[in-house]
Amino acid sequence: MVEPSKVVGLISDFGDSPYTGIMRAVIKSISRELQIIDIDHSIPSFSPLAGAYVVAHTYQWLPKGSVIVAVVDPGVGTSRYALAVETENYVFIGPDNGVLYPAAASDGIKRVYALREKDVNSLARMKTSSTAGTVKPWSISRTFHGRDVFAPAGALIAAGHASLEELGDEIEPERMKRTSIDHVEKLGPSTFRATVVYIDKFGNVALSIRPKKLGINLSLYKSVVLRTHTTSNTIKMGKTFGDANPGELVAYENSFGHLEIAVNRGNAAKKLGLELEARVEIELLENSGPVPNGSRGMRNADLLGVSSRSLGETIW
Amino acid sequence: MVEPSKVVGLISDFGDSPYTGIMRAVIKSISRELQIIDIDHSIPSFSPLAGAYVVAHTYQWLPKGSVIVAVVDPGVGTSRYALAVETENYVFIGPDNGVLYPAAASDGIKRVYALREKDVNSLARMKTSSTAGTVKPWSISRTFHGRDVFAPAGALIAAGHASLEELGDEIEPERMKRTSIDHVEKLGPSTFRATVVYIDKFGNVALSIRPKKLGINLSLYKSVVLRTHTTSNTIKMGKTFGDANPGELVAYENSFGHLEIAVNRGNAAKKLGLELEARVEIELLENSGPVPNGSRGMRNADLLGVSSRSLGETIW
Amino acid sequence: MVEPSKVVGLISDFGDSPYTGIMRAVIKSISRELQIIDIDHSIPSFSPLAGAYVVAHTYQWLPKGSVIVAVVDPGVGTSRYALAVETENYVFIGPDNGVLYPAAASDGIKRVYALREKDVNSLARMKTSSTAGTVKPWSISRTFHGRDVFAPAGALIAAGHASLEELGDEIEPERMKRTSIDHVEKLGPSTFRATVVYIDKFGNVALSIRPKKLGINLSLYKSVVLRTHTTSNTIKMGKTFGDANPGELVAYENSFGHLEIAVNRGNAAKKLGLELEARVEIELLENSGPVPNGSRGMRNADLLGVSSRSLGETIW
């Protein structure tokens, strides 16, 4: 394992809440020398996909040897593994619902452990019994594994108080639940079916299209047509939202390498009626395209479904 | 006093705002070696009750010897004590409006001090005069005691720059304003009148009912009837929100030991029309209850009030 | 330059988001010994004026020698300087859109540098190449200079890894874009035209009027008349929002020295229909004024404009 950095990076859907604060407090009670870096607590509730996007595009900025604790866990208290994944440069801890997969895979998975939740909790209890005033008894709740399992596991590993072997049972990496943040179907030479993988606080819509990974040189294209089942919009291609007039739609490669749709000084998700995990069709055009028109380009929804299935070529 | 941990835990209703940032900056200007743990800044404005719930269920996860600064202070600038409360393992600092009471009482109150606000402020001014570029003159504003009194007092005590005696006058603990986060009235063998003490960011509704404290074994019950003045809902008892189908109501003991109502992947407070500090009636049923029905079970509001008063037995 | 404090204060309009988290991670990857103080990430998007207000009223609480990184940058990716401003006690880093100006001017501007963005980025890349798992290649995106330029510059300077000269070219301070958070026009002896410079999370409305700076003794006045183009409200003068009854409007000098309008336990911005950067007319009255009346006091909008231009005397 890479030399621990004594840094714990926290990602969750807890927002600013006592849940986030308790995770920080538990970590500090386990070891005062750990540094906590809050990465993002604004993951949309119940969306491991959006969580996976954030984990995958943030972890690499942390010092090597950091432990990333990612708690986006709609299935808490039901049967699902709590995982610790050792990769080339980091350790990832979180529920086995896909939230860790794209990040871990991109850094290079070395070993995957299913945490023995009770062992994690009792070692944490032992370590904090003299340092914190923690509730007695501290057992594993059914609803808050961030406090009872994930933050403790992250702190114990980051502080060097426990090895992964002491906290979990190694499992085959293939058993990890997978999600993809860049899965596209190729429908034609420059037409793709993609997924909305993230909507940020400005309403910018990130798609599962990573042009560089697909070998696409975006600068060759002047516009994109974005189609949903009910609408079609031709959108100017730019380099940044400032390339559009205020209120105007613009498409560009975002700072994480994904194709993104924004409205300069506005909210693209609202304007386009797009939600997280929505499926869209994207066509890249070498010219500036037809005049944007909210109604033209509509197709029969079923027909679109059929054509995508018949033409579809999975390229990831 | 317990050995200081050099940790200051912050709780407020300031959200992400310059007010929160200034409190952090003041603490660091008073002593660079202090560690700040943000516990929660999302307390609903003007609700010392919700603040009391959060303080009471978070403080015990901090290292012993930490100072907890809780600023939920709708009465700032009017006459109310600024308190420092020494308990078995911690020091609590905040306004005397009940926000500190349940936490302090549960840890064991040793001494209560009414802060001499001007002494706190001038000592803080002295300590920061060479370290920070703080505004000159720094006096006590009428609207931001988080900056001018509470954060400075917390930092001075946590850093060991001042004793409680130097910053305040000891008062009788009985003079502290009290709130209760687990007050219930017993209306019948398994029927209680309770208060909504907290609504979290998911819309989960925590009630003032702590089953273990009331000697109630929740696993004996299959459902609860929740009645307000205008509605009645029979709700399945579970162990976690995942025990209900998406969109369905479920009741369970939350991770802080309170009876809580949630909607799996939904917002229970909105669905039930419940607000913070609302009064509800809860009946525990050993079977799965009648078919849920939003309209049956309504009672005349006055009659309900009368019956609760006549049947009511305060058990806390 | 003042002795570095090893503290980086962060201000942005990124909210709780991966963007904020990545800035923190980049700083820690550049130097583990830096302390990060989150000042405020809730700046309204696209408002350098509100950002300027927050920077100007928070920086002075940080330890001297701190570096303040302020990313409110609607023009990211277009041509605008990235600045580093050395002042008497601090270094300010951010885009050249006015967000830094009032703070820097109030602390005393010593030298202004236009950052050479590529030099900043490559030095940061070098410093993190062995410590972080950062993406390779790390180049300057068009949309996220917080990650690629501002946070790295702040960390490099705060850690002493680079001097301002090594990262930028000195420019004339006069070339900095200016904003004012306390510009008023005097329309009469106690009548002013002012701007809404900030609306806080409680809906309290801060105006560009700083009574002390204008030589005004607010305690001589009993009420203020606030006029917009369509409404007029006579508002009681107080010392704090608690001086009004719940739901009632009140005016007072806020904790940053600005005239502010609030509703006790309510939202003044909503009640008055005021938005950031709105222009209002304020008249201070020595008595309690006429009975508040939402419709009286209206004037013809054009006439008001004319009279302000003819009577207007810029006093800042």
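Going in written order, the chains are labelled A, B and C, and every chain counts its residues from 1.
The rule we apply is simple: a contact is a pair of C-beta atoms (placed from the backbone, for glycine too) under 8 Å apart; a residue touches a chain by one contact, two chains touch by 3 or more.
If you're wondering where the values come from, they're calculated on a predicted model, not measured in any experiment.
A.B. asks: Classify the inter-chain contact topology: is it line, ring, star, complete, or other?
C.D. replies: If you draw each chain as a dot and join those that touch, every dot ends up joined to every other.
A.B. asks: Rounded to a multiple of 5, how large is the rotation, in degrees, that superposes the C-alpha trace of chain A on chain B?
C.D. replies: Rotation angle between the two copies comes out at 120 degrees.
A.B. asks: Distance-wise, how many Å sit between the C-alpha centres of chain A and chain C, to the nearest whole number?
C.D. replies: 32
A.B. asks: Which chain B residues touch at least two other chains?
C.D. replies: 15-16
A.B. asks: For chain A, which residues count as touching chain B in their complex?
C.D. replies: For chain A paired with chain B, touching residues are 14-22, 24-26, 28-29, 32, 45-46, 74-78, 131-135, 141-144, 147-148.
A.B. asks: What does chain C use to touch chain B in their complex?
C.D. replies: By the definition above, chain C touches chain B via 5, 7, 9, 11, 15-16, 35, 37-42, 54, 57-64, 88-90, 107, 200-202, 239-243, 252, 254-255, 265.
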